[in-house]
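What follows is a pair of complexes built around chain A, which joins chain B in one and chain C in the other.
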Partner chain A sequence: MARKHLKILALVLAAMMLLSACGGSSGAETPAPADSGAKPAESSQSTQASQPAAPAAPAASGPKHLNAAIYWTAATIDPAVDYDGWTSCRAGITETLVWVNENLELKPLLADSWEQPDPSTWVMHIRDGVTFHNGNAVDAAACKASLERTMEINSRAVTTAKIESIEADGQNLTIHTSEPFGAFLFCLSEPLYSIIDVNDPADPATNPVGTGPFKCLSFKAEELIELEAYKDYWNGASPIDTVSLYVISDDSTRAVALQAGQIDMGQRIGAADIETLKNDSDYAVYEASGTRLQVLALNHTNQFLSDVNVRKALACCINYDAMVAITGGLYAVAGAPYPASAPYGYDQLDRQHYDLEAAKKCLADAGFADSDGNGYLEKNGKELAFTLGYADKSLATALEAVQSMAKAVGIKLTLQPVDTEPDLNEDNFEIFAKNWQSLSTGDPQWMLDNMYKTGGVSNAAQYSNATVDALCDELTGAFEFADRQRITIAAEEQILTDCVHVYLFSKNNFVMANNKVSGVTVFPIDYYFLTNTIDING
Partner chain B sequence: MNKTVKYVIGRLLFLIPIMLILSFFVFALTYLSPSDPVMLKFQLMGEVPDPAVVEQAREEMGLNDPFLVQYGRWLWKALHGDLGESYKTGVSVWKTMLGRIPNTLKLTGATLLLTVLLAVPLGVLSAVYQNRFVDYLLRFISFFGVSMPSFWVGFLLMYLFGIKLKLLPVMGSGDIRHLILPSMTLAFWMISLYVRRVRGSMLEEMNKDYLNGGLARGLPKRQIIFQQILPNSLLSVITMFGMSIGGLMGGATIIETIFEWKGIGKMAVDAIAVKDFPIIQGYILWMAVIYVVINLIVDLLYRFLDPRIRLEG
Partner chain C sequence: MSYYVKKALRDPQFMLFFCLAVILILIPILAPWLAPNDPIENDYANLMIAHSDKYPLGTDQIGRCFLSRLIYGGRTSMLIVFIVIAISASIGILLGVLAGYLGGKTDTFITRFTDIVIAVPQTVFVIALVSVMGPSLRNTILAMSLVSWTEYCRVTRALVLSLKQNTYVEEGRMAGMREMRLVSRLILPNVFPHLLVLITQDIGAKLLTLSGLSLLGLASQPPTPEWGYMLSEGRQFMQSAPRLIFLPGMTIVLNVIIFNLLGDSLRDILDPRFIKKKTHRRQLKQWLENT
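Here is the complex of A and B:
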């Protein structure tokens, strides 16, 4: 009997193993990345910013393979779908007509020149000699077909660049906008406007046929993109032959994978790993001040926040340097509507800064006093108290610090974590910790129009200032960069005078790599990652 | 009709009301959530819709209908194998889950294999050498194993085998080498748990009279232990083992996340993080089916292995 029991047990267990094994066999296999092997020969711990799109180094004798990692992919890499083009752009598969470099300057890419015969018309010359990964030549007709497909699929493509119609003639691409729109060229740098060969039979969802330095061999969502260098790349082929671009969503795992030699480079680092990697001579950490801002959005319809003195007191009571230290190097001090990396007068502006006495004076000027001696100020019998909502739980410690700093000047903040960030309107918040992409597409207009202009779709604070409104309108019709810069800075000055919101810090962008990797550039806007300058040795 | 067949049919029929009740709660989860499915869907798709588009989407998704109408429609679709589409990716829930289940089954299989191969012999060893050095050592290690959080064990193994020795990959769900560290991490806890359980059951059986009876009849102790005591003691372990299998098949969420193992547990974590309700619903239903089926298998095993239950039934 006992022997029979054992047999049955063994059979059941064997069946379970078999079931598991069978299940496993049907799963899509992810090839194991090659182990990097030897240690880097020398230390390079810098914030290198090499020239992207420079001619590539001569190829080494054997085939070179790079294992890299990004932190996210959507279900597709079709640039026309949602924000999926960000991945095809990071992977170096697709390119846009123009791009924004590491100094946030607009530069030619597939279009090498352009002119503007009238305020709503742009004639762009498509670079000669560029070919898609299938060998087909890139001309204006191909660009037109690609852009029209994108506008058909994604409504954002119509509204962002305000494209009304497109014409093609040889290498000349003529785009008419629905109105004179100064931010037009910057908008075209968004990966959404990547140019792909729409006539290629390959499915753009998994294999967009672009013009970048790498062509896609295979794509498995949220797992792996296999790439091969495009040897006929117009700006010099990559010295690397093949790339396995892994998707590792967890920051710690990505860093461990680098240290274990499973990947050679990766985008984004968790706070806990920054110092570890910086202090290890085997690795390099490349860093750039990003364009994402962490802001305390203030609701100006609130009875107290409508007073500029209260808003200024909030801005002055925060020790920005201490806040950045709390976040472990992930952020840089902001204090202005646009970050230090942007060419919009960061250094010349009278930015928000820590000044406890100024904060106390502002509150006294506004008529607040601690009449009941409980440490918090009151006015007309009402306590100076606000609810500070936040959805990003990683900010909890920093916001507790803000709470403590506000208490020092008599402002009571009650932290209110929420599951998902609500669509803010004047009725559902007092102060909310928001993450803003301040320079979507590298241009300031989107944020000014939406966040600060009277009636802007994201102006939940209900801020309204005639000067800012006029500057927004002027910006729409300004086409020269110097003009756009001047107008933006003037708007920033007014916004800071009115202390519209509290600008805590800007998020730094990181790329980590082992010392075998060279030619890495990290960009303020993180939709570029793999470039033709990246090389691997050893 | 055979008693056992009747029993199985009865249990399978019992599945129907269980799944119906569960499906009701799963659907209510979405309905009662303070988040607006339309806004969630647009946010996850990266769109900022205008109010007219939102209202149109609400109408199209049937969100303006009464709760029971919405539930009835969802259930009808679910019965036809349509659990909807992920808010985040737009891919069907079934397709998403079918892409992940094989990986979870692989991890489950490897973990079970390691557990069975190590926990049973070590548990027997610990019992046979009760209160001797080997027993103390195994008890200490197993105490340590059940006390250590799995994610911590995982990071230690990553550090040792990945960073220091560079022997094994620390992430991904590719070939068999990728399977080793996550399955070792999961198995470490399970082995520790089952060594103690097998030891306890063995000692309980060894205190019964039939051991002395066998010895008195001149049977070798080893033979009695392996042919009588071990099978009997494993009976009580089976229920626990069934629950463990259920847990593993539901995906070891933390382990799958830190090892970037693309299983169903990681799918659930990712879905919960962004409130991707169709995926969460699919996951809960999967878990329910797994537990109900595993319970059924365990009960059937009991009937085969323990004649008392079979005769009672």
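Here is the complex of A and C:
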């Protein structure tokens, strides 16, 4: 009999759980985030001067400690190794000669002025009074030693900025480039070119001695970076005394850590948590339109994708506004090779947009028809079908929406999740959902050279167009911003005419914090995070 | 058999779970008539709503009717589970009968082989197989069937071993029944009720394995609705829309519980302590009369 009672009890419990689940969900739910993209960002309240401003004087109370979280570290934080310097830059340990501010403008940092005696030579004046965390003064010789070490360790450092030789004289740093290179200064803003004291005995892999507002006390890869404010920071010491910078890779775990009080602020939020945090007055969500683009990379060697009509049909069948709504405000509409936040003619371009009729017409023009009545189009007996690969699992739902949008015009997409993102080449993909940093240094050239120029290292699509190639070459020799802007927009127009890829959306950058934290700035480029203006009360 | 049917009809506990199980099986079968909307149609004007007249259980993050997806989800889940059980039970019963009835080297070979397969943890083996073959429904069915026949094989072998010692089997052999007939008329009918318990309880277990695989993205492929995959899709909305994980989760739990309890009550009915020896003799007598 006892057995029977147990079974009945189990059933009743199950029924109760089911009921409570239904009840609980309808109560806790937030309305559809359809218009969240248009909601004014709270970051406006935090905009600050284009150069880090001196913070308010620290309060007299005890030592201030900040717990913060980032989402990634490599095995080291040595700026010269791979992309590891992005972490030391986020942590505010190291700084570069120049930087790109929240409006994507190039601004002086360690170098306070520069001139160009001839097209391939740059003379930069290193700011007076700047010291490394060990107290040593920063002069041109120290910068030369640091840059030369980086170029020795990392081949990217040589090719990106095209540096040929460096000379040091007092506070004047002279850099010769291998050819006249318009994007040179922007390239120097990448954390790769961070300046550290190479003569310090500390191991740069775990303790790079930089010039930033925070010095590194200890570093545990993928776990924790302990920081201490550098009291002699040249631009005004941080009001905070110590920082524990945790590494939490999972978006929802990071958000829960904030809600649980384990951290005070964190970089990046998952789509599901944006509304929750925005609706909770205990937390602030700072956002800025970012420079990362979510792209459907198309392989032009594919028998169908080689036809511009098919590529256009793919671009037209996507409801971009719906896509942004689906991702819960995490993204902004793109439709062009550079995001709306970049000063490269976003508004004047004929961008990719939702137009079902145009998509259907393109496919009909290309000779496709649904001859077997299964809802998908065919041509010469072959079905218009592609595999759509992706590595970022958080995109799965958005790509399911893309799948159903493509189905509406008769294109069959099969989603293919992969564990690690492959290096794309002409043989290993048809369509792949790629995340591109379109303006990694605030300048458009890197992207054009690598992705669109014939033979570019990341041009897996095998796109080739003489006009774009010529514009890339012209861009290399253009130094005036207006010229660079004009050339870039011309290249963009050609790229959109050829519908090289489908530009789904651009990612917004988010910083979340609780109400105790103030002075937060969120940048379009996500390798800036901790600054000397951040303060914490209580 | 009619003895069991009568006993089952008199058992209210069994009848309750049996009716519930029938409902659970009927819902996916009648999905096109029950579901209020198309489970893969997106309504971009109604994303993530909790409840409306058109969408009784709301919509998911890309505007699909959640109730319809739950109902259609059962189609995929239950169909796979039944196919897997059909395949693995067939393999298992065949090998079990061979091992138990023939004995000798055949028995040793089959038993050792079964032991080898059992030695590898099932779920890990399935994940490895699916990862190698590529995630798709067909491969999932194949992989799950390849590892789950062992239980049926062992139970069948043990039952056959004990049944073939019975005098009515001896009598059948002396009466001139051929081996095949002996197995199909005298042994299998007596093995089957016990396997029925195993099969019923296996439905729940297989449903859990399948959901686990889908959660990892190894079974059902979008946009096909499937409970485990719905769970994985809803996971990130645990805070803002808990129904997206609670509803598919509860559906899985409910199915597993009901089929397990059905198996339990079935076992109570078929408990050998209550089986009368008479039935076996009656079967033999019937056969003799017919020939």
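Definition applied: the second predicted complex is superposed on the first by the 476 of 538 C-alpha atoms of A that agree within 3 Å, B and C clash if a C-alpha of one lies under 4 Å from a C-alpha of the other, contacts with A are read in each partner's own complex, and residues count from 1 in each chain.
In this text, contacts are C-beta pairs under 8 Å (C-beta built on N, C-alpha and C of every residue); 3 or more make two chains touch, one makes a residue touch a chain.
The structure presented is a predicted model; accordingly, all values stated were derived computationally and were not measured.
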Please indicate which partner A:Arg156 is in contact with in the superposed arrangement: first for chain B, second for chain C, both, or neither.
first
Go through the superposed model and pick first if A:Ser252 touches only chain B, second if only chain C, both, or neither.
both
When the two structures are overlaid on chain A, which partner does A:Ala75 contact: first (chain B), second (chain C), both, or neither?
first
Applying the touch criterion given at the start, work out whether A:Gly261 contacts chain B, chain C, both or neither, answering first, second, both or neither.
first
Overlap of the chain B and chain C interfaces on chain A comprises residues 17, 21-22, 24-26, 28-33, 252
Okay, in this complex, where on chain A does chain B touch?
2-3, 5-6, 8-9, 12-13, 16-17, 19-33, 35, 74-75, 82-83, 155-156, 221-224, 246, 248-250, 252-254, 256-257, 259-262, 419-420, 423, 457-458
The answer for chain B against chain A in the complex is residues 34-35, 39-40, 43, 45-48, 86, 88-91, 99, 101-106, 108-110, 112-113, 116, 155, 158-159, 162-163, 166, 169-175, 177-178, 227-228, 230-232, 234, 245, 257-260, 262, 270, 275, 297, 301, 304-305
Contact footprint of chain C on chain A as seen in their complex:
4, 7, 10-11, 14, 17-18, 21-22, 24-26, 28-34, 251-252, 255, 270-273, 275-276, 319, 322, 325-326, 328, 393-394, 396-401, 403-405, 414-415, 417
In the complex, chain C residues that touch chain A:
13, 40-42, 44-51, 57-58, 61-63, 135, 217, 221-223, 233, 236-244, 246-247, 249-250, 253-254, 257, 261, 264
